[in-house]
Structures are given as structure tokens and as C-alpha cells.
Amino acid sequence: MTAPSQAARADRGLHRDQRAHVAALHTELVRYALVTWTAGNVSERVPGEDLFVIKGSGVSYDGLAWDGITVCDLHGDVVDGVRAPSSDTAAHAYVYRHLPAVNGVVHTHSPYATAWSARGEAIPCVLTAMADEFGGPIPVGPFALIGDDSIGQGIVETLAGQRSPAVLMRNHGVFTIGDSARAAVKAAVMCEDVARTVHLARQLGEPIPIDQAAIDSLYERYQNVYGQR
Amino acid sequence: MTAPSQAARADRGLHRDQRAHVAALHTELVRYALVTWTAGNVSERVPGEDLFVIKGSGVSYDGLAWDGITVCDLHGDVVDGVRAPSSDTAAHAYVYRHLPAVNGVVHTHSPYATAWSARGEAIPCVLTAMADEFGGPIPVGPFALIGDDSIGQGIVETLAGQRSPAVLMRNHGVFTIGDSARAAVKAAVMCEDVARTVHLARQLGEPIPIDQAAIDSLYERYQNVYGQR
Amino acid sequence: MTAPSQAARADRGLHRDQRAHVAALHTELVRYALVTWTAGNVSERVPGEDLFVIKGSGVSYDGLAWDGITVCDLHGDVVDGVRAPSSDTAAHAYVYRHLPAVNGVVHTHSPYATAWSARGEAIPCVLTAMADEFGGPIPVGPFALIGDDSIGQGIVETLAGQRSPAVLMRNHGVFTIGDSARAAVKAAVMCEDVARTVHLARQLGEPIPIDQAAIDSLYERYQNVYGQR
Amino acid sequence: MTAPSQAARADRGLHRDQRAHVAALHTELVRYALVTWTAGNVSERVPGEDLFVIKGSGVSYDGLAWDGITVCDLHGDVVDGVRAPSSDTAAHAYVYRHLPAVNGVVHTHSPYATAWSARGEAIPCVLTAMADEFGGPIPVGPFALIGDDSIGQGIVETLAGQRSPAVLMRNHGVFTIGDSARAAVKAAVMCEDVARTVHLARQLGEPIPIDQAAIDSLYERYQNVYGQR
């Protein structure tokens, strides 16, 4: 991965529209209070190319526009953009290399979900909205240090064989995947929503479990019927 | 109920003013943080017709206007509108068919109320504001799968013989009713408000009960004296 | 007290500037999330007259202006204004009749403070900011029904001999007093702030007490030195 | 330290640009809900002079501009400005006198961090984001009364030999330091963020500790690699 100091000096404006779209999606992270200061990032695969676009490292959400988003190849090396890419770029790149159906990745430290991660505890599926979106519990991935492929591996291995598009990386935060950046953003938003509601439920007792058959039914329906076709 | 793919292609603009009114009421769900992403919906009966208007499925709250609201008959079949109606349309329709005095229905997954529902626990009436608006506890309805009349039946049966215009559907969320969409929205807002305050009270001990006679007195007064006549 | 239906029909615009000022102060209740829907109200004594101005009953905070505020005498009878006054008018009037140094009164159901009130538990003075503003614990008043002088009496008797400008009425909410409406609003805002922080502290253990001598010292200093002279 | 009544009457506009910058930084305290009413303040050392600029005492955040910020010498005496400086000026001055590398200081009563302070409990380092920014636990300083050097001494002594730029003053609130006012503001924002997430984690069990070697590695990397160089 390119070190920040090697970021390209001039911006050729490659994939400017997609970068503008990804920049705008960060607004949702702010709106739902999933991010604090400059933490958190959204990326999206460039269709038909071995590239993705990702937020610059430590760049403010205020006025974030296309030029705050950097174009990288699938090893995280900068292809275009004046901003050093997110310090989480290696994890995003690993996901894109290993999960070809994934086109969007989001990372946050949203507080309720991160609290579950700090205890190393998966969020149990005790809400119909959670069955709809996640199809079961939200799993916990390993503790992994930033700087190599550990986080990416942890994400990919934990999500393998799970319906959930979200994983809680231990003592760290949330990574979500989707078939677009927007879908991954929705998963990050819903992850915090259910993390909070289940937290609140648990504070005063034990939530009632939902039968696996009901979870399966809700998940199938939501994935196939909800929304506009 | 009409499947989403069967939604009308062109909008004739039937009941456009009422649809604009109902669209605008969704602003209150956002303002009080009762909804996340596109979840939650408001509907209202069309006066003098066997119709109601309801939010489109998965439609964003941003810029929601009259054309994001669909007109349905009392079996949930689309009569006008380009948006497939909410996936909760069958539940709303059931309520309008069985409770003729109800003209508005609201559904949310507001976090504190939904947390009570996940434990299957009614909210006890330990606040004067709760006695005012709900006249007693907020009851819990059964666990019910989406897709047939189960949710609607659960709402109607649970609210029968209760003063409360709100019901907590188990592991799911809140449905409220009112003599207008605005009244049902108010009930949804107040439901989350009291769900939160009673939750907070319970976190550090046991709230003091209010005598039934005092609850009756508060409820009678609020329903008859509060506000502008 | 004048029943709502007897509210004056035409508004003569008496004390229009003061009513505009009091209307604007309600913005702070909304900003700090002390109020939900139309609950909560601010009043202020008219200098040199046996009158006070108070929010209309059930009037929305959106666009609240001088004509949403009603002028009453010290028995709560309407003197000017087209809105029936707040259903809490009798309590405000009682305070103005019995506490001549009080020129402003605020009532809210702010969630953390109301949670303490539901347990009938005073908020202990374990924060320097609480010593500054309240000079000791925030006391709990009796359970009292709306509609006569019970609430007003409870407020006045509970605050007698206390430094605190705030009282938690049991199972109900907060009343605050001040030498102006703005001071009472500040007390309501700070009451919720310390109610929340002490609640959070108590959730994970016991806050450390502050010595009475230190509380006295902080209170004296804050009342005499803080701010612009 | 100059008493408020001795504040300069006319403003000569010294260091106007820096005062405007510091005024604007208070927006972040409001945005992240670290402050209530007029509590909380930001200061910054004037480069190359024995001066610093600090918010006026009890001045509102609404429309706070350069003239709401006062210029003081390192003993807290007013050099320019029409506002009496913050009642916390002595503590800021003490820090600037004793820690020459510090150029910015922030004080808040942010609720989660203050709740830890009320129990006299350091925040354990159980989040990677906390290792990044704080390099270990956030320590607790002594209980200290306002009005002399006690608070300043408590801050300086508690931070000595710690990586953390934040200290929780017992039963009081947060002080943070940085090499600029902006860095101290960031530390105050992140302090509340981790105080909240660790609080949430602790509510439902025990967070898993992070090895000291991992904390060291994360801290070194974040301080040297994160952001734009």
C-alpha cells in the first residue's frame, strides 16, 4: 500500500462522478451519528476496473467533495487523487480482492455496535428488523492490528457463511459490505440501530428469542419483496 | 394485497392534498428520531371513501412529497400512485377494516419502545404524561410475521378494551392509532418519549406506581380539557 | 382560572414585546430536547403589574410567536390573548402569588430529570456544575394532581429553604424558578444536564460525594463571580 | 488574575484573527454536544508572546465571534477584550505557564466523561480508537476548587508521564491539551466519544482488555501515519 506521503500530487479527476457520489454518501454517516471527527469511511469498487475509490485519511466531513476521495488499485496503491487514502485502505482492498460480489465497504466506530465489539459479543437476532436486514446475529471478528492484511482477513473470514453484511471487529468497530456503497452504508446505519435497540432491551432483562424459522422467513421476504422493484 | 410489482404505472393524482399532508407528517418521525433509513410509515383513511393513503415501500424521507404516498383500498390493493405501498400495508388495511373510528395509523421501530417489545414487557403507567395520553400501560401484542393478517389482528385484539392508542408488537416495534394521521403520529412520538423515561427510571430502581384513580382523573382531564377548543 | 373555552377572542396585543421574548425562549427547550410535541411551558411575570405571560395550551413550538403566548392575572384568568393558556397555568400563578421574588417559571418533562422524579429520588449534588447552579441536591416534591393548587403548593413548599431553583414533582416532571424567564429556562436546561450526568455516573457505581463546605464555596462563587457584570 | 469587573472597557482588536479562529472552534463543542448553555471553553496560546486567548465568561455560543474572546497574559490578567475571561482562566494560564509545548486547552463538562469523573474512575483503554488518540487510559485528576492554582496543578501533575491529552478532573469534567486549540478540541471530542462507548460496553459486561504492546503499536502508528502529511 502506498504510504500517505506518496499520494499523487495532481488530481487527474479520474472517476470524478463516482467519487462525488461516494463523498455524498458520507453525509449519512454524519446524519446517523455513526462517526466522530474524521473517523469512518466509505469506499466503492469502480465497475469493470481493478480499482476502488475511498475517503482520504483524516479528511473532515464538512464540505467533503469528490476531491476528498482517492482512487486506489486493489492493493491500496494510489492511482489518482491528492489525498492520502484512509488508513483503513488495506482492509477495504483486501475485501475487494477476496469478495468479488462486494462493491461497497463501510467502516465506522458507531458507539453501540462498538460497545458490543469491546465485549467481543455478537448481537443476537431478537428484532424483526434485524432478521430483515441481517438474517441472524451480527458476528464478531478477531482483534487485529492495522497496517497489514489482518483486518481484511478477519472481515472476510468472519463474514464467510453468514447472512450478515456487518461484522464487529473486536475492540475496534464495524465493517459492512454491500453490492454498492449505498447498500454498505445502509447496513452500517441499520447495524447501529439494532445494536442500540438490543442494548436497551438487554439493560432491563433478557430479550425474547425469535425462532430460526421466523428469522428465515423474514429475511427471505425482506430481501425479495421490500422496496421498489 | 397488490404485490409491489403491480403498483400503478401512472399517477392520476387522486387525493393529492391528503397525500401531501401525510407525506409532511413523516417529518415528525424523523425529527423525533423514531425512524432509521426508510423504516416506518404513516397512513390515513380517506374521508367518506373505502380508501387510505400510505407511504411507499422503502421510499426515503428526504424530500418525501405527495407522489411518494400511494392510495390503497381497504384490502391494501393499489388504487393510485407510482410507488409500491409500504410492506406494512396489510396491517394498516386490517386496522381500517376492523376499527371504523380509526382514521390514522403509524408504525415505527423507535428504539426505547422497541426495546420493551423485545422483552415482551408492557410499559407501566408511572408518569402523569403517560396517564394523560395513554390512560394506563402501553400493552404488548403477539409475535406475528409480516405478509398476512397476523399483525393487523394482533394490533386490533391487543388494543380492544384498552385506552392506549399504542401497542408494542413483540420483537418488532410500535403501531399507533388515532382519529387522524396527526393524532396517530402524536401517539407514536409520546410512546417513545414515555418508553424512554420509564426505561431510564427503571435503570436505577423501581418507579413509584400511580393509583388507578389518579390515572383515571388525569386521563379524563387531558382528553377533555388540554389544548385549544 | 379561566377555562380554555373562555379565552379572549380578540388579542389587544398587551405586553407584546414580553410575549415575543417568552415565545423565543421556548426555542431553548427544543434545542436541549427538554420537551416533546407541545408539552412544556415558560412563563414570566409582567414587571410592576399583577400579571404574567404564559404559553398557550397544546400550541406547537414551530413558529411560536407573541400571539401564542397569553396574558393572565395572578389567579390564572386570561387578560389578553386568543390562546387558552397552558393547562399548568394554575401552578405558575400559585408560584407568582406566593414567591414575590420569582419572575420566571418553567415546566418540562425532560427525560432524565423525570426519571429521577418517577422513583421519587432527589438528585445528589456530586458535580461541581451542580454545586454552582443548584447549591445542593435537586429535591423531590409530592405527587399532585393537576387542576387545583396542589402542584403550586408542592413546588413552593418543596423549594422553601432550598438553594435549588428546580424541583422534581413526583411521577411528573420539572418545575424551575428564576428572577427572569431566562434564568428559569437556564435552570431547566442545567437540571436535565446534571440529571443525565449523575444518572450515567450511577449506572456504573457510586459517585463520590462532595463535601458540604466545597458545595457552599462553589455555590457562593458561581452566584457572585461567574459571567459578565 | 483580573476580576471580571476589571475587564478592559474598549477592545483594541489585538490578535483578532486568532480570536476569530478560537471563537469558531467552539462550534465543535456544540456540534458534539459537549457543552450545555454557556459552560465550556477553548483557549490558545499566542505564538511568540506570553499571551493566550480564551472565551469570555458566561458568553453564549450563539453568534460567538472574535469579540467574545479575551486576550490574557500567562497569569490570566486581561490584556485586551471587553468580556471578562472564562472563570476557568486561571487553570488555562497555569497549564500554559508549566507546559511550554501546549498551545491549546479545552474544558468541558461532557456528560459521559464527567460521569466517569464523578466516580473518580479512569477510562480503561479497551478500544483501538482510544489507543490511537490517548495511548492508554484517560486518567483522573484530584478534586480541586476553582479560584486558585489547584485545578491547573491537578491537570499538570496528572498528565505528567501520561500519553493522554485528556484528564478527568474529579466530580468536575474534562480538560484537554494539544499543540493547537484545534488539537485540544479534537481530544475533547474523542474523549467524550470513547467515554460513551466504554460506558456502553461496561453496562452489559466487561470489555476485553487490549495488550499493552498492541496499545503501543496503535498509538505510535496513529501519531505518525494518520491523516495528511
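Here the chain labels run A, B, C and D in written order, and each chain numbers its own residues starting at 1.
FYI, contacts are C-beta pairs under 8 Å (C-beta built on N, C-alpha and C of every residue); 3 or more make two chains touch, one makes a residue touch a chain.
The structure displayed is predicted, hence computed values, not measured ones.
The chains that touch chain B as well as chain C do not exist here; no chain meets both. Among the remaining chains, the Cα-based centre furthest from that of chain D is the centre of B. The angle needed to superpose chain C on chain D by their Cα atoms is 90 degrees, rounded to the nearest 5. Two copies of one chain, chain A and chain D, form a contact in which under half of the residue numbers belong to both partners. Centres computed as Cα averages put chain A at a distance of 32 Å from chain B. Averaged C-alpha coordinates put the centre of chain B at 45 Å from the centre of chain D.
Annotation for chain A: residues touching 2 or more other chains are 203.
Listed by label, the pairs of touching chains are A-B, A-D, B-C, C-D. For chain B in complex with chain C, the residues that touch the partner chain are 32, 126-129, 186, 189-190, 193, 196-198, 200-201, 203-208, 210, 214, 217-218, 221-222, 225-229. Per the touch definition, chain D reaches chain C in the complex via residues 3-5, 7, 36-39, 56-59, 83-84, 87, 109, 111-112, 114-116, 118-121, 143, 145-147, 170-173, 199, 202-203.
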